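The structure is given below, and queries will be raised subsequently.
Going by the order they are written in, the chains are A, B and C; count residues from 1 in each one.
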Amino acid sequence: MTGRAAREDGPGRGAMPTYLGTPSFPDAARRAVSDARLRGNLAHATTTIRARRAEAVAELDDWAELREAGRQIKDHVLEHLGHYLRLLEEKVTGAGGTVHWARDAAEADRIVADLVKATGETEVVKVKSMATQEIGLNEFLAEEGITAYETDLAELIVQLGDDRPSHLLVPAVHRNRADIRDIFLRAMEDVPAGLTDSPAELAEAARRHLRAKFLSAKVAVSGVNFAVADTGTLVVVESEGNGRMCLTLPETLISVMGIEKIVPSRRDLEVFLQLLPRSSTAERMNPYTSMWTGVHPGDGPRNFHLVLLDNGRTATLADDVGRQALRCIRCSACLNVCPVYRRAGGHAYGSPYPGPIGAILSPQMRGVGSEVDASLPFASSLCGACYEVCPVAIDIPEVLVRLRARVVEDGPRRPLERVAMAAAGWTLRSPTRLALAQRAASSARRVVARGGRIRRLPGPLGAWTETRDAPAPPSESFRAWWARTGGREEDGG
Amino acid sequence: MSAREEILRRIERVESARGARRATGDGDVAAAYARIDRRYLRRHHGGAGDGGILDLFAARVADYRATVLRVRVSEVPGTLAERLAAGSGSYGVPSGLPAEWTSATRAALVRDPPVSSLDGLAGAVTGCAVAIAETGTIVLDHGADQGPRALSLVPDRHLIVVLAERVVADVPEALERLDPRRPLTFVSGPSATSDIELTRVEGVHGPRALEVLLVE
Amino acid sequence: MRVALFLTCVNDTLFPETGKATVRLLRRLGHDVEFPAGQTCCGQMHLNTGYRRQAVPLVTAFEETFAPYDAIVTPSASCAAMIRDWHPRLAPSSAGTAASAGRRVHELSEFLVDVLGVTDVGAYFPHRVTYHPTCHSLRTLRVGDRPLRLLGEVRGIDLRELPDADECCGFGGTFALKNSEVSAAMCADKVTAVRGTGAETLCAADNSCLAHIGGALTRTRAGVRTLHLAEILASTEQAPA
């Protein structure tokens, strides 16, 4: 279709065009950690939502069973993805929609731009969508002379602030109310005079700013939360009503979805409509959920296009362990509980998918060749808080460990680390060699330690002693003590 | 090769590399689907001795800072008249809305208003298809008593008349009652956002006031 | 019952007192424990850093060394989790069989409460103590309140609740080096929480996390010392920790 499409026999890797050249995670995180204001905003927002999520989840006695069903439904779809994609295509087409397929970001961008151009319009309204973030659609449309207006409040804040999203659900979570007021005053041409930082006033300003756009827009672009294969029904879950506006008022609707967003049957929505709102905004139900099937005569858009996006998903599918990342329903619970995300912020992840889920999605979709992608699997202490809250039971630590091995094998070379790990492995493979190393450490303790602590370690280990003392080796290892006494303390313990 | 063929071929390659037994017919997929473990509850409330689901529904809707009024059938016209008199301007109503509901209303009513006029209306009055007690959700299937989707979206007030028999205990029962071929809108409270410091604020693009008449 | 102590390479090299305390405690409760000399490392560091292939021979050697024992006790929740969760995957020959070490390994508090059935181990430790449940004890092994039940029975102890106890301290193995700024920020918050309790002693079931928090405690002269759970449980009036 287009010259920019992926190689025919390529692995199906994806690209996220607006994130090229992002620095590695530790480099980006270093800046965020020293930004007290950013850390304050993140800590405030995530602490609030964590407690509320826990309450919303505790309200349902069968949360574990819902989670298990969610996991199995998604796994089933991934197991039979070709079948369900064909079925979805047939049903959407039968209901009056048009289905397009895109191998990668460039192809999806081109399809959407051409569809917009065919309407003769130069403006589109957009509902918040991770898929269109991923393919850099707004930037591409701008190059093609088409202006995309983000209508979700947080996306609007990001767009007006010429910023990047830092959270799946609340892309402007790194901004507090005062920041948002400043952005509106600076960049919103019809900003109300005397705007304060009260959230209600800020929301009102957004309402007034976008109302005329909604009423006049001829083309809308959306993402998709769920696509029901056996009916062709599409589902968008939202809060503000901007989604309903975009899905209802324009003449043409273009929806972009990752190929993994399918559920087999309408019945499956009973699981996800319980799992998603409670995990995401900690509500029993989000304010608005819209469902539509193709084109409904006399109600809503007259033209409906669905773009099915691969962009690295089939490559992700190929890994037995890593493919579980495709179960993700983009709730963002893992971000809100992640201690690393909370300190590093979302931008450090160099992708529209931040936090723990981003750390396993981006390196799989894009490969581990770049500095940022090779660093993401290590951007975790493996504390497991993400796995615990995930509504579809993605074992994120397990996938991180899997991807770390892939980085060591296929990623940028780290010769020093490789030598150190080989040496450690060689020592630990033999109890005799370990005992010798322990003896050497014990005799060095007088040189390096004071009061049982080491204040400065050499080389890469120096990162530890920047802020922490290191424990000094004891005068005798346990192994040596045991050999000497047989474990009897009265013999000299 | 088209993008469609190529994506499907990539998926097939993954399936064969995994050595998975390829589901060749729809029957195999259906059998695998039937094995999905669904031990979750069909409803969380509404069993014997669990209080009324109508009470639960009213409480859960109110939790979203929506207004809930519990009325008898005979009280609908009077209550609706009172509520509509509280605002100024005209109200949109779908042509299939039972005429007796608005029989006492003095406010100006516009039947089936064109989309272009909706922004000038004070509100809209509709019925609903199903309501869910557990989550305080009202589902519109945009039938004759509810009107097209835009009607209950653009005006700032949305008054919904919910008949008791439309209220079900929980999400699974609601989905069973709905026709997926119709456009569906699930409404849980007024328009809201969590986009400022992850704290909920009511009132953004959709109706900022949601008023529910629960008819028993 | 033949019981082996898997001390772990970190404890063996850096924290022998934890090993001695574990032996003393188990003997006091009437159970002899052996220290198989062939033991080295469970392979966790290599696996978690991406050197999966180097981890495999360590896992195989571990399985051989501990094959003769009915139970394996370890004073490390993190290594116990590695053995239980990952060994069967890395050395599939023993996976799922009764022989797999994953089925015989017990973190110390699990061994005391579940296998020996005791919570009062006869300890005496008259100090203000706060307990940090390490991530692997909390979320991987799910030891639950076992350590707190054991500590609760210690005579003289003044147990203080740690705010946000379930938050990671930021250790995470090589994470502390590769992402040292984020790790240090997490550690700083943990130190603040620990200091807020007024405890004199911070206790945990993993010395690696304790060394991390403890390193920041001494660097900031917080006046809080760190002790492994085994050392508090082994403490008596005659032989205080």
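FYI, a residue touches a chain if its C-beta (ideal position, glycine included) is under 8 Å from a C-beta of that chain, and two chains touch if they have at least 3 such contacts.
Source: prediction; values computed, not measured.
Engineer: Ranked by contacting C-beta pairs, which pair of chains comes out on top?
Structural biologist: By contact count, the leading interface is A-B.
Engineer: With centres defined by CA atoms only, which chain is the most remote from chain A?
Structural biologist: Of all chains, C has its centre farthest from that of chain A.
Engineer: Using CA atom averages as chain centres, what separation in Å is found between chain A and chain B?
Structural biologist: Averaging C-alpha atoms per chain gives centres 29 Å apart.
Engineer: Calculate how many whole Å lie between the centre of chain B and the centre of chain C, each centre taken as the average of the chain's C-alpha atoms.
Structural biologist: Each chain reduced to its C-alpha mean, chain B and chain C end up 52 Å apart.
Engineer: How many angstrom lie between the centres of chain A and chain C, each centre taken as the mean Cα position?
Structural biologist: Going by mean C-alpha positions, chain A sits 32 Å from chain C.
Engineer: For chain A, give me the residues that contact two or more of the other chains.
Structural biologist: Not one residue in chain A touches at least two other chains.
Engineer: Touching at least two other chains at once: which residues of chain B meet that condition?
Structural biologist: Residues: none.
Engineer: Given the complex with chain A, which residues does chain C contribute to the contact?
Structural biologist: Those residues of chain C that touch chain A are 7, 9, 11-17, 19-20, 23-24, 33, 35, 37-41, 45-52, 54, 57-58, 61, 135-136, 138-140, 166-168, 170-188, 211-212, 214-216, 218-219.
Engineer: What residues of chain A sit close enough to touch chain B in their complex?
Structural biologist: That would be residues 1, 5-6, 8, 12, 41, 44-46, 48-49, 60-62, 65-66, 68-69, 72-73, 76, 79-83, 85-86, 95, 100-103, 107, 151-154, 157, 169-170, 172-173, 176-177, 180, 199-200, 202-204, 206-207, 210-211, 214-215, 228, 231, 233, 239-242, 244-245, 247-249, 259, 264-267, 269-271, 273-274, 277, 281, 283-293, 296, 298-300, 308, 310, 314, 317-318, 320, 336 of chain A.
Engineer: Can you list the chain A residues touching chain C in their complex?
Structural biologist: Those in contact with chain C are residues 25-26, 29-30, 33-34, 39, 339-340, 343-344, 375, 377-385, 387-388, 401, 404-408, 417, 421-422, 424-425, 428-431, 434, 437-438, 441, 453, 455, 460-461, 463-471, 473-474, 476-479, 481-483, 487, 489, 493.
Engineer: For the complex, which residues does chain B have touching chain A?
Structural biologist: Checking each residue of chain B against chain A gives 1-4, 6-8, 10-12, 14-15, 17-18, 20, 23, 26, 29, 32-33, 36-41, 44, 60, 63-64, 115-116, 119, 132, 134-137, 142, 148-150, 153-154, 171-172, 175, 180-207.
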